[in-house]
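Lettered A, B, C, D and E in written order, each chain numbered from 1.
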């Protein structure tokens, strides 16, 4: 019957839905509010993997903690890495922050050793991912090949169409520095020519040191930075504190579909980020 | 003065399934010096704790003056958490609590009372030690001193001299008799050495398998049995 | 170094003041936390608060109301006298910890929010303390400390020897309950600002050092806050100079003080031979 | 329901087997964990392991070597007899917890990795247990359990009354050290697979229920594993049917069993009046 | 047989700054029945614990047979953690540990020994109770029973009868004397009631302020002093 597609994150699922239309059932493991680095396993995840014809992962070791156990637990050979039912969405994207080989050997076990995995927030990357998904679906379900390809093209065109609007709105930020909370924004900023001057919490889970905080304040003041950008699920205390000292604006925006009630699909996600940044 | 200070009416106490005191009726006259005598496990401790309100009664009623003026109490199980960094003197001063005014330091008289109690029990040189650094007898003496300084109308002691040496035991008992005779303080005391107790009184409370009654033995107050 | 200190004060005056105040109060209360064998109460209550926030999100009530209600309930359960119980107090605390942690995840899994969002409500880092928080701190801690010191004697007696205290006419359950309620309020207020781990550290490490160093209760009660304030100050200076997270640096400094204190004590007692 | 159970077994045979094995062994050991007042040893050792992994990343040694080394050191410190110490065992445990948590963050802040990466190494979820992990479990738990049962008597005597045991010729420090080492090994192995919280739950909640229900050591030692296995089974069924996170569901079921057990006990004792 | 079973040479024991035993020299003959008498805080408990190896010596040497065959011991502080769900019988059976073979159940004889000890101390009907459910005297009897079943050559008891009623105390002391006379078991026992002790022996160890010596009092074995 219908193809079953399981994506690890809500973003991937949202893009996959654009490609499949009604031709397949698309589910995601993580909701937009869950941290894909860390997941409390439920039996449902394994059951989803068991029934899946196509498994799509973000890759770049984002899901490293739980992905293989879930696949192993599902005993679904078709979605094991290397099988046609397993798609690593990061295959053709433009990667950022890939550490040098010398760094790699030193920091053994570093999960983000393949680069920063939060790439879907860049719409251009989403286009590559859409193409990859369509190609893979076509391989799994050749009779609907045409439909998938057409949907992918439509998605890409829609991205291109909206891109103009987004670019226009981001115009004021072009070449301007901002402060972000985590490194989860680098792809977005890279795309729209925004410079990340400094991060508030350079390492996830490690609170900023007083020196770092002072440095952030100084940077904001020196470079006249107007915006501190962060995800909704972290406390805004640190950002508020910097804002209070410098008069910068704290912008809270989701980085994944479903991370905010308004971000219902991939387009509305990017819309929302752009709106919030533009201060609408 | 006169009359009963403590009255037990049909008192039953039980631990779970086991009833330990069966219908105890007791009238303890004001100013009595009343030793409690009985076998191990007969219910002496339970009765005293019931009188002090430390064990719930299953049935019956106990009238005591303890809601007005607290008692002095030496428990049978003389343990104080050894972790607490409090000195012997501080433990003895705990007994002064009902007498001192709230938020005030000890007054002259109270300080003298605790010093006197320490002195009398031979604890003066150990006053700064911690409870865990005392020998068994010294622990017991500390708790006796705490009960003595409370200045209560009623003193309840559960085998207060079990670990004391002979001389200390005699001193403590004599002191209790003296307090009883001179100040009319009621003394309830569990003791296993009947011979020794009979040197001081011939009225005692005998407890047998959960039944208590006050009995008088031979009238002569001889020193040697 | 001098510069750094100056800088520290002019950059983070609220953090320094809040840190000194929290460390002093928590370290003093911590003496009794250790003596009552309730060491892990700090993280237990912080898990309970998390669970309360998660429940509040689900019920749509204000997060703080939820966390307050659950913290009070937990504290009430812990104030029960444990002398005649079949299990000791720390076991009940462990059970509450587990129930709260698990329930928080389950609640979150059924509500729309993520666990990170719940945690964000309770997130605290000393260095981020604001003027408003400092005011809240004063409003909670100063009365708590005053009440604690005023009623130190009956509380101490109740804890030291409950039965004797009862016989002496002290209403022990009042003091135990008040102590735990106050502890709950102090832990909630301070964790909010300084983070659960740092409060846990003030409640345990500094009083433990004081208890190792002295056997006089008054000295212990004076030493513990001093050690707490010393650790706070040193920790802030070190974290400022070596670019380290403040809370964790303070914790490590406090642990170092403990090790040094225990070592010195041991050396002194060996040299007496 | 029957279907669901069947499904549960055919879908997650490893998880079910691992869960039953872990719960049985941990619940049995947990009886002594409670009696030795070391309730929070589960999460303390898991923090220590995290710290070990963080240190290993910084030093470039294999993560497990780092965590093993630190866990052994912590367990060694906790095996010290605490009778004559100025502070009780749970205080030292609290200090170790704080030091480990803080140090982990500080180490990470200076290394190339993030805290999530460190935690990922120690990540465990029962439902994801694999065949290989089940084999490791058997290799660790079965000998541990056998040793524990074989040497139950001298260990029990050492714990119950150390001095009397010494006088009777029992080398108490051997049994205490062995017990804590074994506990460390069991906790490390099982946390890896079942997650720290669930292991903590097996170590505390199920034995506490057994202790409340019975005062015969043999009954307690038999009841605790049974309760653990019951909670595991029910928890898996519930989590399967209502799509809830498995670990947390098991924890809550265990807590519910505790509350029910304590309530039943209370009712029975009231009805005896 | 014959000779000394325990020899203390120049034994000094101190707690921190305070030296509690000063150069104790003691030879305890095999098969002695030796009461230790002394004031509270004189160091009796410390000496016995030093002999048992429970307190480190600051100086000196103690020779004992305890690395070959363990002793039976009743501590002064008769506390067992009340949390442990063990019955009186199990506590008594703990004393059988040195006699039983590893990994084996109790044999007939051992079961009889523990039953006999429980019976003799009047604990048979309480054998299934938990330690925390006993009265003070019953706790003490439990630990005495544990020491008796160990079948040791040496029995060390620190105020074993402090909380026993008179009859039990006499029974326990008579039993110890009997064990001593019939089986040559060495008994070291702290006791505060000198009069009572002199009914059984006239050789005792007197401890005064940290000095110990074996003394003999009046030779006649009269029953009443």
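As a working rule, a residue touches a chain if its C-beta (ideal position, glycine included) is under 8 Å from a C-beta of that chain, and two chains touch if they have at least 3 such contacts.
If you want to know which protein each chain is, UniProt gives these names: B, E = High-affinity zinc uptake system ATP-binding protein ZnuC; C, D = High-affinity zinc uptake system membrane protein ZnuB.
This one's a predicted model, so the numbers in the text were calculated from it and none came from an experiment.
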Relative orientation of copies chain C and chain D, as a Cα rotation angle in degrees, nearest 5: 180
Winner on C-beta contact pairs when A-C is weighed against A-D: A-D
Greatest separation from chain B - chain, by CA centre: A
Distance between chain centroids, defined by C-alpha means - chain B, chain C (Å): 40
Centre distance in Å when chain A and chain D are each reduced to the mean of their C-alpha atoms: 37
Chain B residues counted as touching two or more neighbouring chains: 83
Overlap residues in chain D, where contacts from two or more other chains coincide: 34, 86-88, 105, 109, 211, 215, 244-245, 247-248
Overlap residues in chain A, where contacts from two or more other chains coincide: 40, 42, 206-207, 209
Chain pairs that touch, as defined at the top of this document: A-C, A-D, B-C, B-D, B-E, C-D, C-E, D-E
Interfacial residue positions of chain C with respect to chain A in the complex: 7-8, 11-12, 15, 105, 109, 112-117, 119-121, 123-125, 127-128, 130, 195, 236, 239-241, 243-248
Interfacial residue positions of chain B with respect to chain D in the complex: 14, 16-17, 58, 83
Touching residues on chain C, where the partner in the complex is chain B: 34-35, 150, 153-154, 156-157, 159-161, 163-170, 211, 214-217, 219-220
Complex contacts: residues of chain B adjacent to chain C: 52-54, 66, 69-73, 75, 80-81, 83-87, 90-91, 94-95, 97-98, 103, 130, 143, 146, 150, 156
Partner chain E, residues of chain C touching it in the complex: 86-88, 269, 272-273
